[in-house]
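Chain naming follows the written order as A, B, C and D, and within any one chain the residues start at number 1.
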């Protein structure tokens, strides 16, 4: 029996190839995590277990997809970044996004028990994530995206820390705390924390203040004083228009798999982070650290 | 600290709204399931546990997303169908696809142990799925898509059944079996099975021959002899152009959640299936079955 | 000298193929025609010459592109409709739209002098048009689009006729006429025209009241009383999913070129128009009128 | 009479906004110019009148759309380039492309008589053009696109010059000339021209060898020896992510309109052209030339 009578339906598939030579950011977000965090009694304002689980899943995604050069996570969201030279799945958007979402979900569910030992998942209330891809034409645009997320992390965490301290330690109602914080700036919140509760926000956990940065670890480079360096790297990285050959790509992938994927809680807004780790913007594997 | 300096990056997000009044099929496929089935020793040519797990995950997806009207699964693929009137997530393609992929993956991983009791998952080799959305403008196009998948199911299963019977029962090498089957039509394969191994393909498991159809169960309608009925239902279903109001949609969702989601292994190529279950093409909930 | 070094830039072209089996409406609009109509002293509220020129250009577009089945024009806009089975330029959106826009513009400029004999074009103030393509999945959706434009024509023409009569015959200022008409419904405007100026709007020019419908003329069919007829034609027309072969398409094009392209000012909201001219919705050439 | 019943059809329009911060190239091509050039007896291999008419139309497009920074034309094609910071028509692709195609067509038809004084246009055989937009993320990609077109110009013109010289001066048949040229490289063609016909290709018309470059003329800058200059300008030009305010854009447009739009036949592959005219890559108006 031939299938030709119905095969015409394949013609309805529409291509969704992302523009070449652009950074691809795949951002995933927890679906209904507000409700979910209630159901599984996540701690307020931050549940260390939940964040560690997010990071563990993200690390597995980077290990699985060696074309990813960096990821950044905060709360129930994670942003994964493909280099402009990436040609994985011919840059088909749905394929890239669903592969990341599914791999992340698989590891999140699989490892849940390691982090929530006393709180087993209850079907059908399982965590899940949605995602989408966004293209950024220049390194500056991509870095500004990352800075946007890290600034957002800071703003939200300062607010949430202050709010929940007022509620949990200060005994205020949610409504009162909300009213009190309305219109305050960062300095006000720092002061409330310090004056009323003796909390120095600077001493809070770096993971909460900075979010989590996931990348492959190679030998750090010294930061050069030349402010043009980062831009120069951009040129080197993104101006190579010709497709890298399939065999070269495979070689790069092999080299990347040898590097350790690490999670750090550091500033990614300033240049230092990127200058010390030129392999992220160049897309080329760095030198593996010498092990003692 | 304001975030306005970086917020411009939001402008790079591009809309991906699917055309209104079209059927949306979200098809997901197992990633690298050939390798995976070796790792977890799936039985050849079909592993009942793997198929049951696929179906269990699909049922949860339909329960979760009441906007889905039907799904069809075979092997490591599943197609989920949204009605033309569906307005879930404003019909954003990436949101619809990733939600299905993630929910499916979550339940697949979570329920793995129920089906593969002696074969625990081994990280990082976790099952995952990719997916994409395709629009079909008419009911005929959508049904032809479904028919295409079911014909494919038949063709592949007949081939695989014959091939693996030749190898496992007939002691042939893979290469010999492949060579033997080259150029054969269905009748030839039926004959090989019957004459050489005494197997009547018609007696094989319906799930393997027909695949799995997942939908909400209401009271079946009698099939009318009028051949126009199905088309008529289409008109009723898809010709309502005006957006259904949000409150009406919510009501429809509530009604749908009351219906049981079932898995059947039946013919969806002929009209009967669709005529008996008019709620699928109309998108309107049917009558709940009277319980004795 | 080989060109391979730069040819990689071709990979940046992204496909823009319109979904198969959908109606394609290409709508074009005059660019800055408000200013332009002042510069060339178009008569208010309607300039017959300008409308005739629009129609003349539209007729040439239909003659040139035999894949078009109907067009509708009002004021400085025109909507051109391709049948769902149309495969012209592989349904590439930009190619379809720009071909129509350019062909229309060429004839509009070329024939300007025939209609504006005493008002030559003055470079660089030349008329030009922009355009875009919209897909409609069902015949009902496409007809509703056409009805939308014709209702709009009616609303605008009644308003403009009343407004300009008040200004030009009634000696009111633009501002006063505008204020007077604010919040009025059709009946009010009809009454103003009739009571104040003795004008029966029904007697106005059909072209102004109904706009212009352009199509290929075959022998009219009798209107059947069966209200399902039009829908039935839709089914017949759009449910044929298989691609029409290239040679069949060429044959259909040849047949179409034999038919005369006509401009009529008739109601296209009710069923009659479509029932009498089944070739429009079916996409198949009708019978050429018998010439006496 | 309200129009709300049909207005839902507007929801079928899908957005087509081009990615911010990318170069936009709108390329237009003559429709069926092979046939057209026969009909109007264009001279072989190049018809100076036709090329001058193309250039005249392109100049008008640049004058009309001050957001264009450069255009390049050869034969019956023209490429128009918008700067990455361009926000015209909110970067809607169809609007940008059709506006250029229509404006170009209007001037081409309008000015035909100035260039083809003895060959009036014959309706319905009017010239028309199709077009499409392509995005290039970096200045290098955009310049490589321009280089691709100029190299193509050279390759085609050398071939055509040699071919038509062999046919028109050498009395060869088309087939013989074609066969003779098969497999030849540039050097071979130069030699054929020189040895057989005494033609030094270098002395051919610059317009034919280089194509036509259209841009706004400001005071040229001295070429700096620093090879980084052009790249540096790119950074300056494209790294400004923030939207330029509407009033600033209007100011820039006014300044641009003061500059003269010129047509030159020069090399745009090497850096010199771009270094001397930094306003093209920066998108910022240069200094108007001092007039004696």
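The criterion applied here is as follows: a contact is a pair of C-beta atoms (placed from the backbone, for glycine too) under 8 Å apart; a residue touches a chain by one contact, two chains touch by 3 or more.
Since the model is a prediction, treat every value here as computed from it, not as a measurement.
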More contacts between chains, B-C or A-C: B-C
Cα superposition angle of chain B on its copy chain D, in degrees to the nearest 5: 180
Type of chain C:chain D copy interface by residue overlap (half), same or different: same
Distance from chain C to chain A - Cα centre to Cα centre, in angstrom: 50
Intercentroid distance (Cα basis), chain D paired with chain C, Å: 32
Distance from chain C to chain B - Cα centre to Cα centre, in angstrom: 42
Junction residues of chain B, two or more chains touched: 8-9, 12, 14, 19-21, 135, 141, 144, 241
Contact set on chain D toward chain A in their complex: 19-22, 84, 135, 137-138, 140-141, 144, 231, 235, 238-239, 241
Partner chain D, residues of chain B touching it in the complex: 8-9, 11-12, 14-15, 17, 19-21, 241-243
Chain A-touching residues of chain B, taken from the complex the two chains share: 1, 3, 6-10, 12-14, 16, 28, 31, 60, 63-64, 92-95, 97-99, 101-103, 105-111, 121, 123-124, 126-136, 141, 144-145, 147-148, 151-152, 154-155, 185-186
